[in-house]
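This report refers to the structure that appears directly beneath it.
For reference, chains read A, B, C and D in written order, and residue numbers begin at 1 within each chain.
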Amino acid sequence: MDLQAVVDDIAAKLAERRGEGKVADYIPELAKVDPKQFGIAITTVDGRVFTAGDATTPFSIQSISKVFMLTLALGTAGEALWKRVGREPSGSAFNSIVQLEHEHGIPRNPFINAGAIVVCDQVLASYKPKEAIGEYMRFMRSLADDDSLLIDRSVAKSETETGFRNQALANFMRSFGNLHHDVDHVLGVYFHQCALAINCVQLSRAGLFLAAQGRDPISGYSVVSAKRARRINALMLTCGHYDGSGDFAFHVGLPGKSGVGGGILAIAPGKASVAVWSPGLNKVGNSALGSVALEMLATRTGWSVFGA
Amino acid sequence: MDLQAVVDDIAAKLAERRGEGKVADYIPELAKVDPKQFGIAITTVDGRVFTAGDATTPFSIQSISKVFMLTLALGTAGEALWKRVGREPSGSAFNSIVQLEHEHGIPRNPFINAGAIVVCDQVLASYKPKEAIGEYMRFMRSLADDDSLLIDRSVAKSETETGFRNQALANFMRSFGNLHHDVDHVLGVYFHQCALAINCVQLSRAGLFLAAQGRDPISGYSVVSAKRARRINALMLTCGHYDGSGDFAFHVGLPGKSGVGGGILAIAPGKASVAVWSPGLNKVGNSALGSVALEMLATRTGWSVFGA
Amino acid sequence: MDLQAVVDDIAAKLAERRGEGKVADYIPELAKVDPKQFGIAITTVDGRVFTAGDATTPFSIQSISKVFMLTLALGTAGEALWKRVGREPSGSAFNSIVQLEHEHGIPRNPFINAGAIVVCDQVLASYKPKEAIGEYMRFMRSLADDDSLLIDRSVAKSETETGFRNQALANFMRSFGNLHHDVDHVLGVYFHQCALAINCVQLSRAGLFLAAQGRDPISGYSVVSAKRARRINALMLTCGHYDGSGDFAFHVGLPGKSGVGGGILAIAPGKASVAVWSPGLNKVGNSALGSVALEMLATRTGWSVFGA
Amino acid sequence: MDLQAVVDDIAAKLAERRGEGKVADYIPELAKVDPKQFGIAITTVDGRVFTAGDATTPFSIQSISKVFMLTLALGTAGEALWKRVGREPSGSAFNSIVQLEHEHGIPRNPFINAGAIVVCDQVLASYKPKEAIGEYMRFMRSLADDDSLLIDRSVAKSETETGFRNQALANFMRSFGNLHHDVDHVLGVYFHQCALAINCVQLSRAGLFLAAQGRDPISGYSVVSAKRARRINALMLTCGHYDGSGDFAFHVGLPGKSGVGGGILAIAPGKASVAVWSPGLNKVGNSALGSVALEMLATRTGWSVFGA
């Protein structure tokens, strides 16, 4: 299969639709991004890279970072993490607080905001706040094989200043005893993790271990066990697109994680790691063109985990 | 891989645990079943069958039937069905009515009770009630390649008499205009579809088309398109185990659908269709031993869709 | 105080606003009513009657009947009734089913639909369905001192045919064991009780015992104890206007019960029973002009229970 | 009526039951209070005072303060306040956040925590934080006619340190734009208002204007209009006891406001203001013995607003 032709074709077909969707506006810095951008990058398990469009333009990783911070937290806490956060789709919006009240402060999964905040809190059991961010950066640079990755401090600051909803979630969980560290410290880590600037090439490279049984197939470095890689993929498939996870599985059929920056990381187990990016979001908060691009890709490649 | 050795080993390892879980007691007829039973059957896409335990003992198909009735309804209504039922995990119990009120009578997916009732209603747009049941039986016998399949009338009657919750769901949806036929007719079809008696061998045979791109690989008969087969698998993975779907994906990693009769149908795309049965249910209503058996099977075979 | 002048003045002031609000359309027979009608009647505890507008035009009593059926049920079951229905405002719409799921089939109060259905079920512990309706009619005719009161069979039939939501509520409660009789029998009573045709004069007369310590001050007949009369008034004040009860207490300050037929019964303890009627409803389902009329009346008379 | 005999009798009858209920333990300072205390004070509109038990022992006013801060806020903002907070019973616990999500950050009424926090925020439109607390103290001392009233700083500090749930509520409302000031400033005012130490005599005196058409009948000072006094009483009756408001109206029949410190203020319009205090709380968070005492008082005096 000529993957370069596939991505070129997808980029060409979507050229006219650039600008669809609505750029996230609740984080002021994100609202400034030009909506007419689209990029895609595929890194295969044998190390080839295929790109089209704005594949080297950095964007804000936002919630896609939850996959990587979860990986870090599982590394320090192991399966005990699952006492503090569930593994079920939420059936509600990414920032809903209703479920937390009904389930006594235990978030439904690590990919909704509340769950990701608990994951940060767990990491703070092993690291001080600044160290935690340092560890995360070291991890991301290593996975992306690119030491130039940086946090966009203006985005981190923008989130810190307007993050009332996340403040609410964190304080609410703390009232149930499911947050152990100072709320501002936990959210400091969370907002910095989300503010990482990354491009499609780097992101697809960083996710490659999930397509390769937990091992980075290029460096040979073992990131997680094969079992844990499968489980993270399972969580991405059932919970990775908030209340659009079922639809993404239905249309694309790959484990994936989206962010409000407009990026999506998708994993084709045994085959490739894919990153797409386009800032306009659909009504459930996932990249509009990114979702379409991945559906086209899955159709063309037959990579759906649900059958060729 | 010696699949016979695998299923024998699973059956042997679970022998001591027979009786775990709690038999469904809200349907009086089901409460009478001996809990110490366990069966497993694998039908591979190349037509081989492997069994262990009580693989030829009939049990009540219950909610696993939702996969087949959905297939029938998509055949008559096509994608228009999705205007009346969603494709997202529910985040709540199989018989919850709360979500229906919040979302104006549109069930979250076709595998919770409310969604399956809408699916029945859709089938009644093409068939009269008795014809609908007849069509369903014809379909099941054809898929299972076994004309001896029968509905257990005592179970159907048992459900009809105590099905107040389903009456509530159906009437509630009708109040929103999302049910078009007489409630008793719709539920009549629904209760009969759930009361089909089937065994593991028959069930694994019936689901084989979902492992084989929509085509029955033995008869060569095309049941659905490859795309539709993938989509049904996606729905099974994200929504097939009620509020335990995330956990099933995490531990087993296969599309699956459970029923309160204790059966589970699991699909390994491109490889096999698997049926397990053990009457005791875990706390979210899925077969306790059946779930464990499938996790063991996935581990031994590497069939998880999320990577070997 | 010249009460006749007061009601004349209210009717005059509201003449221009006749037709405000929206006539209930979910019961087809009610949708046919001319919206430009308004009536008011006051019956004082010393037996005087003051009327203005369409005070002798019959309308459908609808939910106001819940006050009277509750009185009957308390008469047969006593305080044991409160094991099956709560006494708290619901914080949701009159026909919400969400609360029932969260509170295991116990309705929040006897004035939301679910609670009124339980009240009917309780009455069926003492009477067969037809007898229950007969007893209710006997009671209403006695209280209104008018043997001409009749049930409007076309309204009863209209509700029976479209009452899917109430079917849902009843079946849902039955699934929790909080309904003991056949759903159709219970709803049969309920729909007939709601279909009573009554006018303002009759209604204000029927409610008089609640203004007079439980005793009909004209006939001298003791309907309920003074304590029970106070308690029914308390329930009317906290729960009598669905999710507009707080607002009604804030603006009017009298125990009251509204119906979707556009009627409201209000009680001024120690002073009078008041009935108003105008078919147009406000957004929470209470008579728009009726609410305004009662606020004007309370202001003019100083009858608010919260201070002159 | 010999009110002294009434309160003596109530205190005597409850002597054996002292210690019933459960002292609030989520505020550490409150958990230290001796549960076996009980006090009652009645101040009549003609200025007589009747007391029994621990009527001069100070306790923490807690949520009863919401009545007074609401009075202040209405004084500065007028009826515009009602755009930011509703007037309906909540149908849920005093600190529930679910309703806020469903109703877009508008609290149901000013007596649940979220509503009281909005009220504080409104006061901060007119005063700086320290001035707001000063104004509140000036108001309370004036109403209680006692300049010795003080805030218990250890209680205020205790709440500030553990008030994660209120932090969550405040941040949540801020995310909806329904909080305009710094969360810490708003909560600073809120925690100080709740930490006022007051005794039954002072509290019954402070509430007297609500029993006397808004005017302090002793000083002659007009606190609010008669209409506003009625409306505050209405809010107390429908919303003053959280999710036990209906029950309090049913059993006692007086406007009242409870606090987790164990105090209750009850108003008999035109007759008296009553304060009771006993630290043990019932399951909905209201003083167990205090509720019983008020029911006895209402029965003995015939002061129920729902009829003698």
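By our rule, a contact is a pair of C-beta atoms (placed from the backbone, for glycine too) under 8 Å apart; a residue touches a chain by one contact, two chains touch by 3 or more.
If you're wondering where the values come from, they're calculated on a predicted model, not measured in any experiment.
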Partner chains that chain B and chain C have in common: none
Furthest chain, CA centroid comparison against chain B: D
Distance between the centres, which are taken as Cα means, of chain C and chain A, whole angstrom: 55
Chain centre separation (chain A, chain D; CA means) in Å: 47
Gap in Å, rounded to a whole number, between the CA centres of chain D and chain C: 32
Chain C: positions in contact with at least two other chains: none
Pairwise chain contacts under the document criterion: A-B, A-D, B-C, C-D
Parts of chain A lying in touch with chain B, wherever the complex brings them together: 86-92, 99, 108-109, 210-211, 213, 226, 229-231, 233-235, 237-239, 243-247, 249-250, 253, 255, 269-270, 304-308
Residue numbers on chain D that touch chain A, as the complex places them: 96-98, 100-102, 164-165, 167-172, 174-175, 183
